[in-house]
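This is the structure I want to talk about, given as structure tokens.
Chain naming follows the written order as A, B and C, and within any one chain the residues start at number 1.
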Amino acid sequence: MKNRKYFAMLALLGALMLVAAACGDDNGGETGGGGGTSATGGAVDCAADEFGCVEVAAGDPIQLASLLSITGDTAFLGTDSNHGIELAIDYLDGTFDATPGQLLGHDVELTQEDDGCSAEGGQAGATAIAANPDVVAVIGTSCSSAALGVADTILGDKGMILISPSNTNPGLTSEEAHQPFYLRTAHNDKIQGAIVADFVFNKLKVDTAATINDESPYADGLAAAFRDNFEALGGTITDTEQVSSSDTDLGPVFTNIAATDPGVVYGPNFNPVCALSYTQGSDILAKGTVQIGSDGCLESSFLDTVGAPIKDFDYFASSPDVTAFQGGDFYKNEYLPAYTDQFGEPTSVFNAHAFDASNILFDAIEATAVDDGSGNLTISRTALKDALFATSGYEGVTGTITCTPLGDCATDVTIGVFEYDHWPVEGGTDPTDPVFSETKTLADVI
Amino acid sequence: MGGVPTRSIVRTGLLGGVGAIYVALVGLYTKFADLELVGQQITLGRVLIVAPAFVAAFAVTRPRVVAGERQTVELRGGLGVGALSGLVGAGVFAAALWFADWFGVDRIREVFVAITEPLVDFLTFDKGVPAGLPILIALCVVGGVVGGFVRTAPVEIRRPASAGVLAVILFGLLQRIIPIVFVQLGFEADWLYDRGAGLTWFGALIVFAVAAAANSLWNRDGGRTRERVRRNVGQAPAAKVGLFVAILAIMTILPLLLGTAISEVLGSVMIYVLLGLGLNIVVGYAGLLDLGYVAFFAFGAYTTGLLTGAFLNTTTGAATPALSADLNFYVAVWIVALLAAGVGLLIGAPVLRLRGDYLAIVTLGLGEIVSVITASKWAQPLIGGPQGMRGVTKAEVFGLNFQDNPQHFYYLALAFVLLAAFVSWRLSTSRIGRAWNAMREDEQVADAMGISTTKFKLLAFALGGAIGSLGGALFAVSIGSLTPASFEITVSITALAVVILGGLGSIPGVLVGALVLIGLPGLLREFEEYRALIYGGALVAIMILRPQGLIPNVRRSRELEDEEVSQDAWAAKAAAESEAVAAVLPGGGLGVEREDLE
Amino acid sequence: MATATDEQVRGAELGLLERLPWRRIILVVLSIAILSVVAIGAFKTLTLPADERYSTTTWKDFIVLGLAQGAIIALIALGYTLVYGILRMINFAHGEVFMFGAFGAFFFSDAWEQSGFLNSNPILSMALLLVIAMLVSMGVAILLERIAYRPLRNAPRLVPLITAIGASLFLQNTARGFFGAQSRGFGVPEVLDGTWTILGVEVDRIQVVVLVTVIVAVTALSLFVSKTTTGKSMRAVAADSEIASLMGIRVDRVIVTTFAIGGLLAGIAAVLFSITFESVSFTMGFRPGIAAFTAAVLGGIGSISGAALGGVLLGLLQSVGPALILTGYGIPSSFQLKDAFTFLVLVLVLIFRPGGLLGSSEAEKV
């Protein structure tokens, strides 16, 4: 009898809960509703905007957030990108003087969140940011796994722009998966894969290759892009291997690869797998086999682990070509010195992408924010999005930026292939120019 | 001094000093030097400076059993002892700091990356090495004195004082969360918190006062209120139900009060409560050590994806999985649970004969097998490999969207948790539960008594698997996107820690365990880098100090703590004696306070 | 008559489930299935078309790699098996003992590499590195025992297991805090670069060093345990600690010694591991730790020869296994599955021999 009572109570509570939830209001939503009244000339109709407007009162800062990898193994990416954003805020006053500038007469306040380089991290960070209706836009994520289907959706549902300085996974801007409020200034990895394939086939004149990737979506996607493009050029993929990012013993895998006799082994992974691939692979592969890594490898810990280049075995790594950054002089003579002055040596090249992302965002805010005359701004979220996606021909540090409807803003992407150890990071020996550099657009690749 | 042997004082003091050095080496000072707790002066870093001295003094002034008698330390002696141990520890710490400065911070940094000039500046209060050391030493001595005070002061003072300080520290740490809560509820928080920083002095004072007052009220009249509540809850079923309903009501209202960000954390907590309940059946009830629980979690998540029409991520966009169905979530979830139960039987069958540690290793291995397969190219046509799947259903019903709205998701998770808790509870008091008890306590005897250990072990695995897969299903719905990085051994270890911390075999314990192990880190995201370190340390500490967990299952704690039970019996007896004497001799007695025996 | 009474006593619990010899049926079916899978896989691999087949050199490479890696794992596994024999607990934190030894050696190796000492006196520097690693690992092991395990001597099995997991997490992240999150390159003396040709087979010099060192260490350990007094005390305590203490053996001392020896072996393994894979990192103990106790269980935990056998077998499984069996089935990227493959083998071994390969075939030791 008692059991029935308890059960009935539970069922009742459960039903009540569902009713409560359905009727309960959606706390923490956006500020929505009638901001239109204070706008000059009624230019902003916030009631009609599905996602409402952001109101920035006079004297209040414009709030931005960043959702980047600032802890863990990929912290070198996130902290570096944050520095890029900070430099953009600095440059609002026209000079790199370590004092932040102002946008439309308002300070810009940046809240930094961690994307955890994982889906849960992206979800937690994005939800935390989305709970604050005063955030105008978000710059992030570092890792594709934090964005794909997670941060891009959570923020997109609130109409918050998410613009990434380092997501390169092709899926993020594909027809099926693209979210309406997501863009990126980083390149689409289909381009990087295609350019490396070009390097191997046409420059190194090698027509057999093997790939080895770890379990991250980044590595898998890039390896797949390489394979597709290499085979289209007429090359043969002799072996496809996968390892775990925590593996230390790569002997058996490389023995297997060596048995298929490839001319090139492409390993677009992170460290330490990249470094271990080079040192251990060189003991096993045939003399003269070239190994190639990607921008995940091109950092100072590789140099620390490997030391001097290994005789008879060349190693290359592909990465956005900083020397071809259109900001040419600006990048070399103003931006880079400002970075090193304020933050020390850059730990990755993607800070420039973060700088560009922040700048096109600032431009879009300037274009769409409506000042009511006394310093109060109203920014319609949809209008801001439209302005961003309409960015065309913007001369950024990383190249010309024209955003496609699917969110790829880096249209002309220049990827350079750098020979070890002439790498443009701390510890690399000069000259640090790429041995191969090519520009492609999305239309050129598979 | 003060009844404590000097050797003990010195030794504990030294340990305190070493502890402080450890905190420095591991980088906690460097990381939290600027985290303001109260005003601008009291930062977490500074609290961490005094913490080792405090802990050492607290430990060294504990009551000792000398020649069969329990001796507490007097207040004055306690202060002195605390000061001395603090001094010893501070001396060691200061000497290490001076050595680091003399030897060259840069050279030490080649080995220990946390030893930097800013660290030395922080520890010497920006005064440099010889000049700042006396301040450091003085601070540590104060910490020791406070530690001694907290242990030896009269009960009416130290209990509220400790509660107050702990509350202040907690509020200080939650500086990013509590203002949001206040704003949600419609209150201003400016008087309590500096904008974007820690508590204001005024706010800290209020928090301290409120916490201390609450604590003294609770412990008033020698704890009569507490005793009364305990007795009622322990005995009257009506009171038990009332407590249950109250907790349930709080759990229901919470997300509405706290906003989306905290609801999202609570949602994760609920998923781990579900996992914990399932694991609780396997480990807590049936005594089967399962270290591979992530297998069921992953199975539930991916199967839900496959059954509800999710698709694979590829470089060119999307692909349909090799096996796919597009069912409604509420239909699919029961299929998933059924299949997972089957998997549980499959996993359980070969391991029936294995004893404890072997079982642990094998289940660990099976968990690893599943982890590896989720990332493998081999299974990529089915579950997406490294790039994973996305597009898991949002499970919408009655206009509730569980993927996009964390508050709604919380209720979905809560519903499943209640279901699982109900099932667990009924099982624990049923014949099956009794069979599990018997099996757990002595398998051979149970077998001899005619209990089919095979059947009950398999049942435990099947049920545990089903509930674990429900956790996975909910996870898939909440995130919508599945990548192998979410299905590693960490899940198994965390689930196990939740169950252990809460108390094996205890259902409310699972809730508390999940709140502490998932909720706190979710709210205190500043500590993300040190989460694993704190987890590990906490696990070790709990196992040594309180292995029965936070909310022990009475039966299990008896199994785990034979010695403590007998000690409690002794203490209870002594307390009864002292009460009897006190009744006759007012104001006197054996000098053994009731509270000292707690 | 007697049978009928027994049946009545056991009551309704005895159903069809108990009457059939299920266990034997399943075991037979299972063994046939496994053998056929393995045989077919191996057959297919070995009969691949000539241009896809592995050459003998490649097979040799797989085998030698497996043996070398397995030897290192065996050293670590010995630490697990010794502690288990005495305390009946799996010291999950042993991987971190190994890791700290590697870091201890690393800092000296790094300094000596820069000063040139490593290359000018390779034998001396290697010996010193071994000693340093052994000392550091021993220290960590002893500390671990004293702080985390001694208070729990009499606790039920679950408690020290959880403590060990917690200690493992704690130590790993302590190393992270101390030494940083990046992995560091471990220098190898030039004299160890390259290969030697032994009996017509070309093997890496480092692999030879590893194999020789491990064989020496295992032999030394076996002799120690069987011949010396301390060794005999260890065996006595492992057999029955109460009786041993009654016989005058100081059990606490023996336990500490066991941990110390385990640490010592882990230290040796640490140096060997670091020069083979040329890197150290704070996570380097985790996977080898799991591999090592898998190996110990595989061979029969509590037994020294079991740990050695298990270690070598595990190394071979991880290296030759995917190559021999999975390649034949055309499974893509089969080496990513090596851990899954290894654990599967473990599960299967334990089904047939619940005590491990060299352990007793009885499920319970009464």
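Here, a residue touches a chain if its C-beta (ideal position, glycine included) is under 8 Å from a C-beta of that chain, and two chains touch if they have at least 3 such contacts.
Worth saying up front: this structure is predicted, and the values here are computed from it rather than measured.
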Report the chain closest to the protein's overall CA mean, measuring from each chain's own CA mean.
B
If you tally the C-beta contacts, which comes out ahead, B-C or A-C?
B-C
Measuring centre to centre with CA averages, how many angstrom lie between chain A and chain B?
34
Roughly how far is chain B from chain C, going centre to centre by Cα mean, in whole Å?
32
Express in whole angstrom the distance between the two chain centres, defined as the mean CA positions of chain A and chain C.
40
What are the residue numbers in chain C that touch two or more other chains?
332-333, 336, 339
Among the residues of chain B, which ones contact at least 2 other chains?
372, 375-377
Two or more partner chains touched - positions in chain A:
72, 215, 240, 242, 244
Quick one: in the complex, what on chain C touches chain A?
54-55, 58, 61-62, 65-66, 69, 181-185, 187, 204, 273, 277-279, 281, 283-284, 286-288, 318-319, 322-323, 327, 332-333, 335-336, 338-339
Chain A contacts chain C in the complex at 72-73, 75, 215, 240-244, 246-249, 251-253, 255-256, 258-259, 271-272, 275-276, 279-280, 283-284, 301, 304-307
Given the complex, residues on chain B that touch chain A span 180, 184, 245, 248, 252, 256, 259-261, 264-265, 268, 311, 313-318, 372, 375-377, 385-388, 390-391, 398-400, 404-408, 411, 414-415, 418, 422, 426, 478-486, 522, 525, 528-529
The residues of chain C that touch chain B in their complex are 9-11, 13-14, 17-18, 26, 84, 88-90, 107, 148, 151-152, 155-163, 165-174, 176-180, 290, 293-294, 297, 301, 331-334, 336-337, 339-340, 343-344, 346-347, 350-351, 354, 363-364
Touching residues on chain B, where the partner in the complex is chain C
22, 25-28, 110-114, 283, 289, 349-351, 353-358, 360-362, 364-366, 368-369, 372-373, 375-378, 380, 444, 450-452, 454-455, 493, 496-497, 500, 504, 530, 532-533, 535-540, 543-544, 547, 559-560
